[in-house]
Amino acid sequence: MGKKRTNKYKKHIKLTPGSVVYTGDNPTEKLFINTYDYSPDFVKQLELKSVEEAFTFKNTKSNSWININGLNHIKDIECIGKHYNLHPLIIADIANTSQRPKIDVYDDYIFVVLKMLYYDTEENIKIEQISLVLGSNYVLSFQEIEGDVFDNIRDRLQLENGRIRNLGADYLFYALIDAIVDHYYIVSETMGNKIEDLEDLLFDGNVKEDLSHQVLNLKKEVLKIRRAIFPIREIISRIEKNEHVLIDHKSIQYFRDIYDHVIQLSDTIDIYREMVWSLMDMYMTTISNKMNEVMKVLTIMATIFIPLTFIAGIYGMNFDYIPELHYKYSYFILWVVMVVIFLGMIYYFKRKKWL
Amino acid sequence: MGKKRTNKYKKHIKLTPGSVVYTGDNPTEKLFINTYDYSPDFVKQLELKSVEEAFTFKNTKSNSWININGLNHIKDIECIGKHYNLHPLIIADIANTSQRPKIDVYDDYIFVVLKMLYYDTEENIKIEQISLVLGSNYVLSFQEIEGDVFDNIRDRLQLENGRIRNLGADYLFYALIDAIVDHYYIVSETMGNKIEDLEDLLFDGNVKEDLSHQVLNLKKEVLKIRRAIFPIREIISRIEKNEHVLIDHKSIQYFRDIYDHVIQLSDTIDIYREMVWSLMDMYMTTISNKMNEVMKVLTIMATIFIPLTFIAGIYGMNFDYIPELHYKYSYFILWVVMVVIFLGMIYYFKRKKWL
Amino acid sequence: MGKKRTNKYKKHIKLTPGSVVYTGDNPTEKLFINTYDYSPDFVKQLELKSVEEAFTFKNTKSNSWININGLNHIKDIECIGKHYNLHPLIIADIANTSQRPKIDVYDDYIFVVLKMLYYDTEENIKIEQISLVLGSNYVLSFQEIEGDVFDNIRDRLQLENGRIRNLGADYLFYALIDAIVDHYYIVSETMGNKIEDLEDLLFDGNVKEDLSHQVLNLKKEVLKIRRAIFPIREIISRIEKNEHVLIDHKSIQYFRDIYDHVIQLSDTIDIYREMVWSLMDMYMTTISNKMNEVMKVLTIMATIFIPLTFIAGIYGMNFDYIPELHYKYSYFILWVVMVVIFLGMIYYFKRKKWL
Amino acid sequence: MGKKRTNKYKKHIKLTPGSVVYTGDNPTEKLFINTYDYSPDFVKQLELKSVEEAFTFKNTKSNSWININGLNHIKDIECIGKHYNLHPLIIADIANTSQRPKIDVYDDYIFVVLKMLYYDTEENIKIEQISLVLGSNYVLSFQEIEGDVFDNIRDRLQLENGRIRNLGADYLFYALIDAIVDHYYIVSETMGNKIEDLEDLLFDGNVKEDLSHQVLNLKKEVLKIRRAIFPIREIISRIEKNEHVLIDHKSIQYFRDIYDHVIQLSDTIDIYREMVWSLMDMYMTTISNKMNEVMKVLTIMATIFIPLTFIAGIYGMNFDYIPELHYKYSYFILWVVMVVIFLGMIYYFKRKKWL
Amino acid sequence: MGKKRTNKYKKHIKLTPGSVVYTGDNPTEKLFINTYDYSPDFVKQLELKSVEEAFTFKNTKSNSWININGLNHIKDIECIGKHYNLHPLIIADIANTSQRPKIDVYDDYIFVVLKMLYYDTEENIKIEQISLVLGSNYVLSFQEIEGDVFDNIRDRLQLENGRIRNLGADYLFYALIDAIVDHYYIVSETMGNKIEDLEDLLFDGNVKEDLSHQVLNLKKEVLKIRRAIFPIREIISRIEKNEHVLIDHKSIQYFRDIYDHVIQLSDTIDIYREMVWSLMDMYMTTISNKMNEVMKVLTIMATIFIPLTFIAGIYGMNFDYIPELHYKYSYFILWVVMVVIFLGMIYYFKRKKWL
């Protein structure tokens, strides 16, 4: 993975700055464009066959949501971008999937990059970039691959008297961001469960494998999630403060609600961070405790039997003249002596609380 | 617990953003509404049977405190919220018990979310969310379950010439927050005692169980308490700075007093945090010290007896020609040699300060 | 100590917020009031018998210092407070000895809470709260017990042409704070010496007791001192910025001087903090180093004698047919072999730098 | 390396402050000046033979890029500097290669110091200083040695209808900075790969060498890179805020793009930092785990055989009267006893999960 | 050292606040005053015999540098201070050598306290306080002992057409600060070399002494240097922002240059700090690695020979009936068995990578 990435960047830097390059790992075969055109009276869902069909939504009286999947189709994305007057650097940002969450405010549109987070079936964290453009009566969304967290919004768009149908494009824009942020809660909880599972594992004496690798991987995950979530605080507070003409004064309250959620998530992530950092220390003491136990067993056994074996060795010597050897009760006396030593040792270890 | 929580969030995100969902774990069978209607002249305590009875307090000349228990009765809460003109997002916040402490300032009311902290009988920290709404002549309080820290306030409301009866709803609002914050001191002290108890345990050589789990749990507790207390600083300072028409200029001094308390608590919590973090290190050195002791015992025993046993082994050999074996005093000389070696070893260890 | 404190707080929260409760551990039998009335021309020192005598100093032309000892005499303190128009919350703060250092600025007086630090005879850090109120022509000081750091100021008040006699109450106020801060230097130095002493102890191989407890206690002390000193920076800078009518423009320079001292002390305390934190790590490596030494001794002894003992064991066997046993020089040859093995081992350990 | 550097500084401080001294380690034999003179219509590349030839570009209508290699040729650099009205301190900064990345904004030019980072063939991080001066129609760049990251820009200058040819010197200035920052991505990725490689190595049980040195070296590298990249954030934001006449309003967007990149890089570097810091802890637990395994083997072997050897020693004693010795089945019974003890031990260790 | 310092402070606090007390450890026998009087046309160096001779420089048209050595001559310093209108607190600061670096800006002079750092011949860090006062046409400098870092400035004052002679007292003021800061580079480099030396030592297996003490001492040194250098950033930025009449607008650029240097030094010191902090961890892993090696040797030796010795013990028993004893080839077969066991063990350890 390392080498490949390096090449990717090496290729990238050969080009004009601001040139549009797809840097993701998930090219799709064809561009997939799905649109919702809606007003309080009607809603029309369409799957577009060509990019050009997407041009009509710019100057309608209804609101529209144009969702584009497949960031490797650079030509088409540039084409849409030009029609909607997007700055070339923004088109480059859309295609560059290693973008940091950010906001760019222009006179006639607002551009936001966010990260969708989810765990795949093997519980590895996945990060997908999503770019949103809010115009006067439309929202463009650019995703790398199909599948997202917006199914709920699609359902609500079908409901005649739902808030989303009756309010402007800025509410749709809010609803999309809110759906992404809401999904972070699931990620955050899964992360919490993983931490607790690992914690249990670390205390379980039966585990033989080295768990420090798993702690390290959890650290990486926490850092990745942190990095996806933390910049959103700044994004939302810029939306709040900017008083941009595209965002209705009443909608601000909704963005503030997202802000509260993000702060809460940040708090949780920071606590996870502290917990994961502590796990390594805890693991270390657990290992040391186990070693202590091992050493005690060895020490007790050795300390008891080493002197006894020495005594047996003494009377195994072949000197011609060892008076004890010939006394009839020597052997029995010796056993008594050995049992006394043995019991003395046991008592000593008991008092030391080693037994 | 992990899996369940995940489901909870998964269910939640299927809904409209801002929809009111109870996310706590303690549903109550029926909604319980308790009201105090008071003015300098009179006080009237009532337990309401229906939500509609709570509507009358909005436009009286007296002050009122309407305390609602049972956040799972969403319909009723929405009903009250609508009557008192609360923003839909606020009603959602009341029901969502995983809210972070926060303040929302509206033109005609102030909304505050706080956490009540207490230790249950098994010394586990419990966190209950409480939402307060201050209107012109009323305070609404929303709690998850019955039982709170306000008994003292209830008593004082009965006293004819108490300050609380003679001042406005803003003073009641202050008194409720103050009661919550005052209760943090008990939690903080219990926490302090738990830390000291664990500290004693860590130094006690007799303890055989692995205590790192307990240190970790204390860490979690400190982080939870921190998270409940720290945001209050911002809440209070926003009340102070805002000069809201609902809060009398004279009352500001009282809120500043709470602010001082919260700062002091934050300091204490931070010191606890540092102490708990240090406990793990300390535990580690304690374990290592014990292992050192164990190793010394083993080393001393082995070092003394291994050479002696070797000597005994030598004269246990069956060679036909070992001249020493036949000398009459060999055995006694050998004993002398062994005692000299033994004493030499003891002297060596004494000098090394191992004995 | 733990349980008692908990009770104290539990009792406390039963009362009206802002009610005056003594929370210290050092009640005195009787209230002790000592006053200095002075102007450039005269100075009069008095020990008052009743609280009422203290009332006269409010409206004199001379300056006065009224020093009150014994915070458990709540009635008397409330009495003085009322006469001097102190806000009820301030009187509560005076009696509550677990207050954090802070400043409250009112129109006609400035209220400051500070901590006096000193080491008792057993080198335990002691913290005593002192509250100061600066009025137009008087300074009130409230202490828990007799004995303070102001003897120097008392002496200087007796000197006719001293600065303190010729300047206003604000200079006396400064002088009192300065005396407290100056005393921190002694505490800081004692702390420094204690750290160095512990450091020496940690490196001393002879110490057998577990020193991690002492490191932990030093940590606690540093945190306590930090907590007493750090808030003063904010107090002084608020005095500087406020341009309060009670504080002459010329005196500001003096407060800035205190500020410099407090910053310097904070720096020192932070360095102590880093040092104490490092001591635990250092202790850990010291322990490990010692264990290494122990293990080396064991390993060297065992590694040398285990094979030799094995050889001796071989020729102690009773097989009928062991040819070597009957050869005349076997025994001597065996000794040679053993010495060679012994020397080989010694050489091996020398090369490994274990010897 | 240490001693030499010390001397370098010692020499340096003997001189006038602000005197021009080359402090790098890579003197070149001759100064090498390469210029591009370009306008939308034409481009002319020249290698200059003398410094004086570089003077003509100041007052042309076309834009120019004058690239100077060889900072040890102080006289020449001072000569150019004087001609282009550079402040003496700036000329000193150009020659002092241990400069921190910084920006100095003057009325008629902007001066920026940056660091080019690259890994040499032995994967050691190399840092080369580059100074850029943006004038009204020219950019001066000063490098220590030949070879840089600008080949792409040189190619683009040759393209007739490229953006770089059609925009002003400020765009060239941007393009140079952008090329440097873009190159950081390669460094950052290589660093990432090195961390992952070391991580794998740390977990590999086969490695015998002490890897803590490598962790420490990675730490140093991360700190060096951090130090080169972090100050750029401030540089770019000063360019953005300053609204300098030399930088066209439209170009600001491009600098903002660099800013985003630098923030993203900073995030990555900080994550690397946390990872590398964690590696040491992880290594420590890995070592301890291995030691645990070693100790278990020893303890199991010793605990099993020590009592058995003791029993054998008992019956090797030469007492005249040991009744068991003469019973016919003693030897077989003894074997049974020993096997039972052996199996008991194995069972015990199995239950303890040591086997 | 501890006790003495305590006494010093104890004495100090007996005095009026702001009273002038020398707190250093290096009293000189006599006050030593050296002056330079200079203008573009002339320079005159003088060693003054009495304090009064220093008074004349205040009202000349030429610029002057009055350098005073020997802070224990408090009377003389007070005398100069009074003549030059210095505030009493400033005179106290000059004599108190434990001052933190700081700036005090007055209407007619600027007062700066700095620290000169150098390593003595035994490589211990030494800190000497220097106080500078910039007046309209003079600079006063107060040093504790003779010997400083200003020789270069003295030389340049002799040069007729040097910048220092032609510019005002503010440039001299700058030059003195610059010389002090420049000298920090030498200290910083020496520190860097010491860290690298210790690093090498920590990895060297041959070192037997406990090195944690040395790591701790390096920590202390880094903290001391940090404390001397870091406050200068604030000092310089206050000079920059203040636009004081004493400091010419053109000179600001020079102070900004010092600022850049101090920032760079701070960066370096912070990296040193991180490195030294890491050394302890690294040392710990190094120790553990060594212990691992020791334990492996012990375990291998014990594991191989313990079972072999047991076997030899078996056949050393004196049972009347041990059939193997009488079989002719038993002894040879036993040797074969033992060699097989031996080789099996070796193979086992090889596979475990312990050999």
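For the reader, a short list of remarks on this structure follows.
Each chain carries a letter (A, B, C, D and E) given by its place in the written order, and its residues are counted from 1.
Throughout what follows, contacts are C-beta pairs under 8 Å (C-beta built on N, C-alpha and C of every residue); 3 or more make two chains touch, one makes a residue touch a chain.
Heads up on the chains, UniProt names are A, B, C, D, E = Magnesium transport protein CorA.
Everything numeric in this text was worked out from a predicted model, so none of it was measured.
Interface residue usage between chain B and chain C, two copies of one sequence, is largely distinct: under half of the residue numbers at the contact are used by both copies. Here the CA centre of chain A is 42 Å from the CA centre of chain E. The geometric centre of chain C is 26 Å away from that of chain E, both derived from CA atoms. Taking each chain's centre as the mean of its C-alpha atoms, chain B lies 42 Å from chain D.
Between chain A and chain D, the centres computed from C-alpha atoms are 26 Å apart. Counting partner chains per residue, chain D has residues 281, 284, 288, 291, 295, 298, 302, 306, 309, 313, 316-318, 322 touching two or more of them.
The touch graph of these protein chains is a ring, one cycle where each chain has exactly two neighbours. All chains form one closed ring of contacts, and listing them from chain B in the direction of chain C gives B, C, E, D, A. Within the complex formed with chain E, the residues of chain D that make contact are 2-3, 5-6, 9-10, 12-18, 87, 89, 93, 98-100, 102, 104, 205-206, 208, 210, 212-213, 215-216, 219-220, 223, 227, 280-281, 283-284, 287-288, 290-291, 294-295, 297-298, 301-302, 305-306, 308-309, 312-313, 315-318, 322, 324-326, 328-331, 334. Chain D meets chain A in the complex at residues 149, 152, 156, 162-164, 174-175, 178-179, 182-183, 185-186, 189-190, 192-193, 196-197, 199, 203, 253-254, 256-257, 260, 263-264, 267, 271, 274-275, 278-279, 281-282, 284-286, 288-289, 291-292, 295-296, 298-299, 302-303, 306-307, 309-310, 313-314, 316-322, 353-354.
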